[in-house]
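Below: a set of structures, written as structure tokens.
Next come two complexes built around chain A: one with chain B, the other with chain C.
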Partner chain A sequence: MRRAFTTLVFLLPVLVLFGVFRFVPMAGMLGLSLTDYRLGGDWRFTGTANYADLFQDAVFLNSLATTLGYVALCVPLTVAVALGTALLLNAARWGRRLFRAALLAPYVTSLVLAGVVWRWIFGPLLDSPAFVLPALAVVGVWKGFGYATVILLAGVQTVPADCVDAARVDGASAWQRLRHIRLPLLRPALLFVVAVETIGAFQVFDTVYVMTNGGPMRASYTLAYAIYDYGFTHLTYGRAAAAGVVLWAVILLVSLVQHRALERKP
Partner chain B sequence: MRKWFLTALVVALAGCGTADSGRDTVTLWMYPVIEDRTRSEEFWRDVETGFEARYGVDLEVELQPWRSREEKLGAALMSRSGPDVVLLQPDMIPQYVAQGALQPVGDVVTGAERAFRPSALAAVTVGDQAYGVPLYQTVTTTVYNRKLFAEAGITELPRTWDEVRAAAPKLAARGVPVLDYSGSTESTLNLTFYPLLWQAGGTVFSADGTKSAFDSPQGIEALRFLVDLENAGGLPDGAATKGSGPANEPVVTGRAAMAHAATAAQARAVIAGVGEQDTVIGAPLRGRVQATFGMPGAVTLLRAAKNPDAARHLLTYLASPRVTEELCARSGYFQPWTTATSAPADAVSRTFTEALPFANAGDTHPRARKVMSLLAPHLQAALLGRATPEQALAEAAREVDAMLGRG
Partner chain C sequence: MTRQRLLTALLAVITLAAVSPFVLMLVIALSPSDEPTLPHGLPGSLTLRNLTEVFTTSGLPRWLVNTSVYAAVSVVVVLLSASMAAYVFARKRFPGRDALLWSLVATLMVPVHTVVMPSLLLIALMGWVDTYWGLIVPTLANAQAVLLLRQFIRALPDEVFDAVRIDGAGDWRTYWHVVLPMCRPVLATLAVFVFLWHWNDFLWPLVAARSGSMYTLTVGLSAVSAEHLGLPEVMSVAAVTALPCLLVFALLRRHLFSDLAR
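Take a look at the complex of A and B:
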């Protein structure tokens, strides 16, 4: 009993912060999504009208598809690049700490500033509806792979060397050692990285805002950008909140599916 | 010790409460109407002093940047920390009225010492109520780089669409686009496509405001004009997605031959960029008719104003001839009254005066801004060659009408 109380006391600050800064805004967003709240402060309860409105809106559905496309490009690429880099760093005999620190630089760089530089780098490519999403995904990978590498490197280093050596003695190739020894043992780290990158990719906004404004021809009009548009350009706060709830539900669903898939024992 | 500490804390907190002067306070959010920061701060400091002396009410003028102003204002109003009075553009006023965020100010307008231009009043009127007090009037017009035209063998600067079309290939042969154009979705269509639409004789909304009207022969003609220029090399690289910003606009840096809806500030930037001798400020372009964008800047009274009576006093004070004349003199904009009391001081503003009769403030419709965000991507599609002007406007009209129909 005393132990439970002590645990609760230690957890209390986090619980309070989490409650105030996560659950309360989420509840507020859910409530707002059921109203036609206006800037003057008036509102009416509109039930699920905002949701019905969203799912009849081709622009919203297009933004959902665009976001899924971005996630499908960005997350596998980030994980693949991060995994490759982690394996390379693990094999490196020197400079591992230096590279690890260097790889984190994009992660701590302001994406708004970086977005301006990337816009110069890509130039006319951003005018092409076919290339704009891959271009944004490249920026997403650049931003996220350093952090993912650090997590995966820590995971790779926990793989027992004797397992890998035993496989090598048994004649397993490098690919077989990766496929059958390292990757299964990396599953917890991979699960974390995939989950974090997926959530981040679904919420992509700053690069879109700085580099493309959702264009050209809405080819990069993501869900987070649509929420911004609904709220700040159209002043339809109930609709923006409803779109936020949809984004939250999609992330939750995808995260659960990923969790199930990656947790399954081979 | 603990008792002493608690006593000190209570006294300190009580001190915070009594620091208030006890006078009413009015907060005004103002933007860089006067571009020069020092002159702007000086002017608004004088306004604060003058208003406080006259009405015994504290005035706080918060100078905000133009950028992201809708986001900031929206967020402030949502969190109940917004100003009492704010400067709004006419196409924002109906949207804010529909949001229940503004109070009518007809009494201030009718009680003003001078009569406002009817076009300025129409731009701030929703239904039969005035929701803004015009402080100044802006207008846009054409700005040319005479040297670039001359180098292409064109001595008569183009005044009509046909002349611009004819000049495009000659300039393009020298790698110069005839017209600067920003197709980014963040650029307001008031300064890009709409002036062309009006010059073709078209409108954005139907007369009753229930449907779009840009998908018309006039709208198609306006978009075809742009697409023709794009195909002839007459628009800058990446015109479909290019953003606007005075510092790096092609016309400012001598990489485009003209702008069709330049503000006075842009004209001054062109003069600074390419030189006074090569800059010509012309009349608004003529398609079927001659038209351009121009609007009043108006101060509005927010419904959430903590002290509406004091805020009304502020509106009256700002609309007084002494304050407005000085604001217009310092900003280079035009006086909002039917009879201007003095001509603008600088040459650029005097030339812009000639464009005033052609000024269109845009449709006063609560969804005017929303329509822009729906229409802009389809204009991009036409400029990128992904859709014909007919297809682009038909698709945009379908989206806009669906949005207007949803209520």
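Take a look at the complex of A and C:
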């Protein structure tokens, strides 16, 4: 009895923190998404009306497309740059530690700072609806590729050197060695990096908030920014909650599809 | 040999791309106001005037204190609460243990951004808006920390736990004198990550703080960058935001990705 009590006491801080500040807000979000709750307190149950509204709203549909566009730009670029950098680092004979440390500087500093500095670097380019999303993606790549490089480098280093050497002796070209030996052995690391980068890219907010406020002409009005806008600018909490559930569902769906696609044996 | 040179040159270009925004930030922050600065040219001399200026005229000192409190308290509470739970998850049997652990881990699937609004309504009910409580407490549920520590404690040798039990040590003594010391490397890694995460956190402090005196550095930086302050002043605030992170990273690099750092 006493031991059971001690176990409970050990668990208590985590149980309270998760119960009150994770599970209650999650349940609250699902509940709110079924109401027309706004600031002021007066509300009624509206069923799935928020969702129906969202999917008929051109602005919301546009924000879905914008988010997908951002993810489609940012994730492949990040992974490609990181993979190239990891292979270069692996082949370099000196300076590996120094380079790797320097590459992580963007990763350990804040996205707000990235937004402030890059807004200055891009300048008027951010006023162009055509360039704003690629510009934001560049910041995303700059911020995230160091971390992806470190993970992929660790993966590259686990590929046995004799494997690669044997293939070279057998006359495999550098491309063939990469395509048929390195990449298949890197699969777990790649899967991890793609998953992490995708989940992060779907939630892009800080740089949008600092650099563009969703503009110009909503060309960078991403889902996470839309949720913020509904909830904290317009104070339409029910609608913000429904948009949050949609983002949650989209991330879950994309993660599952990715997992299936990348897990499949070649 | 030429191949190695090409490799190094390529890596140098990539590294330059990674660090040059920091260099630009510093150059602008240190430029005297009466001299031309980027992009019109390089200043002839550097000065700390802008830095001292933002320390005396903006809310920067207060934001620095708030961010330090936010990050430090979070590191201590997350490490203590997560290691306590991880110990019983790894070393005790009780009904519903695995279901409970995986329900905590499942919260990782829910993007933090989506629960910010309901969390804010919750702390509004508690009267915590614009207080340290509201800023800090809702961010302390950290499933990664629980999971990582649980895996580590599970992999510790059983003999150690058998020995302390035979010596008659209870759970508290085992936790404090055996588990915590043996977890030191993984606790150090976690401490760095939790520190960086809270120091750089933006959306939650943005909505949990109302008044300028409750801002964190990231919120303050976004506020001054949207306001009337001049570019050198904004870049000075940015530099103050970045420096502690870069310093912690440079000093504790070994503990970050410690299993990867060869």
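In this section, the second predicted complex is superposed on the first by the 240 of 266 C-alpha atoms of A that agree within 3 Å, B and C clash if a C-alpha of one lies under 4 Å from a C-alpha of the other, contacts with A are read in each partner's own complex, and residues count from 1 in each chain.
We take it that contacts are C-beta pairs under 8 Å (C-beta built on N, C-alpha and C of every residue); 3 or more make two chains touch, one makes a residue touch a chain.
Since the model is a prediction, treat every value here as computed from it, not as a measurement.
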{"item": "First, second, both or neither for A:Tyr237, with chain B first and chain C second", "value": "both"}
{"item": "Contacts of A:Leu126 with chain B and chain C, given as first, second, both or neither", "value": "first"}
{"item": "Contacts of A:Ala4 with chain B and chain C, given as first, second, both or neither", "value": "second"}
{"item": "Chain A: partner with more touched residues, chain B or chain C", "value": "C"}
{"item": "Touched partner set for A:Phe55, first chain B, second chain C, both or neither", "value": "neither"}
{"item": "Chain B versus chain C as contact partner of A:Arg38, first or second or both or neither", "value": "first"}
{"item": "Those residues of chain A which chain B touches in one complex and chain C touches in the other", "value": "231-232, 237"}
{"item": "Footprint of chain A on chain B - complex, ascending", "value": "70-71, 74-75, 77-78, 80, 95-96, 98-102, 184-186, 237-238, 240-241, 243, 303-304, 367, 369-370, 373-374, 376-378, 380-381, 384, 386, 399, 402-403, 406"}
{"item": "Partner chain A, residues of chain C touching it in the complex", "value": "4, 7-8, 10-12, 14-15, 17-19, 21-22, 24-25, 28, 77, 80-82, 84-85, 87-88, 92, 94, 100, 104, 107, 109-119, 121-122, 137-141, 143, 146, 170-172, 175, 196, 199-200, 202-203, 206-207, 217-218, 221-222, 225, 231, 234-235, 238, 241-242, 245-246, 248-250, 253, 256-257, 260, 262"}
{"item": "Complex contact set, residues of chain A against chain B", "value": "38-42, 53, 56-59, 123-124, 126-127, 129, 212-218, 221, 229, 231-235, 237"}
{"item": "Touching residues (chain side chain A, partner chain C) in the complex", "value": "3-4, 6-7, 10-11, 13-15, 17-18, 20-26, 28-29, 32, 81, 85, 88-89, 91-95, 99, 101-106, 108-121, 142, 145-146, 150-151, 153-154, 157, 199, 202-203, 205-206, 209-210, 224, 227-228, 231-232, 237, 240-241, 244-245, 247-248, 251-252, 255"}
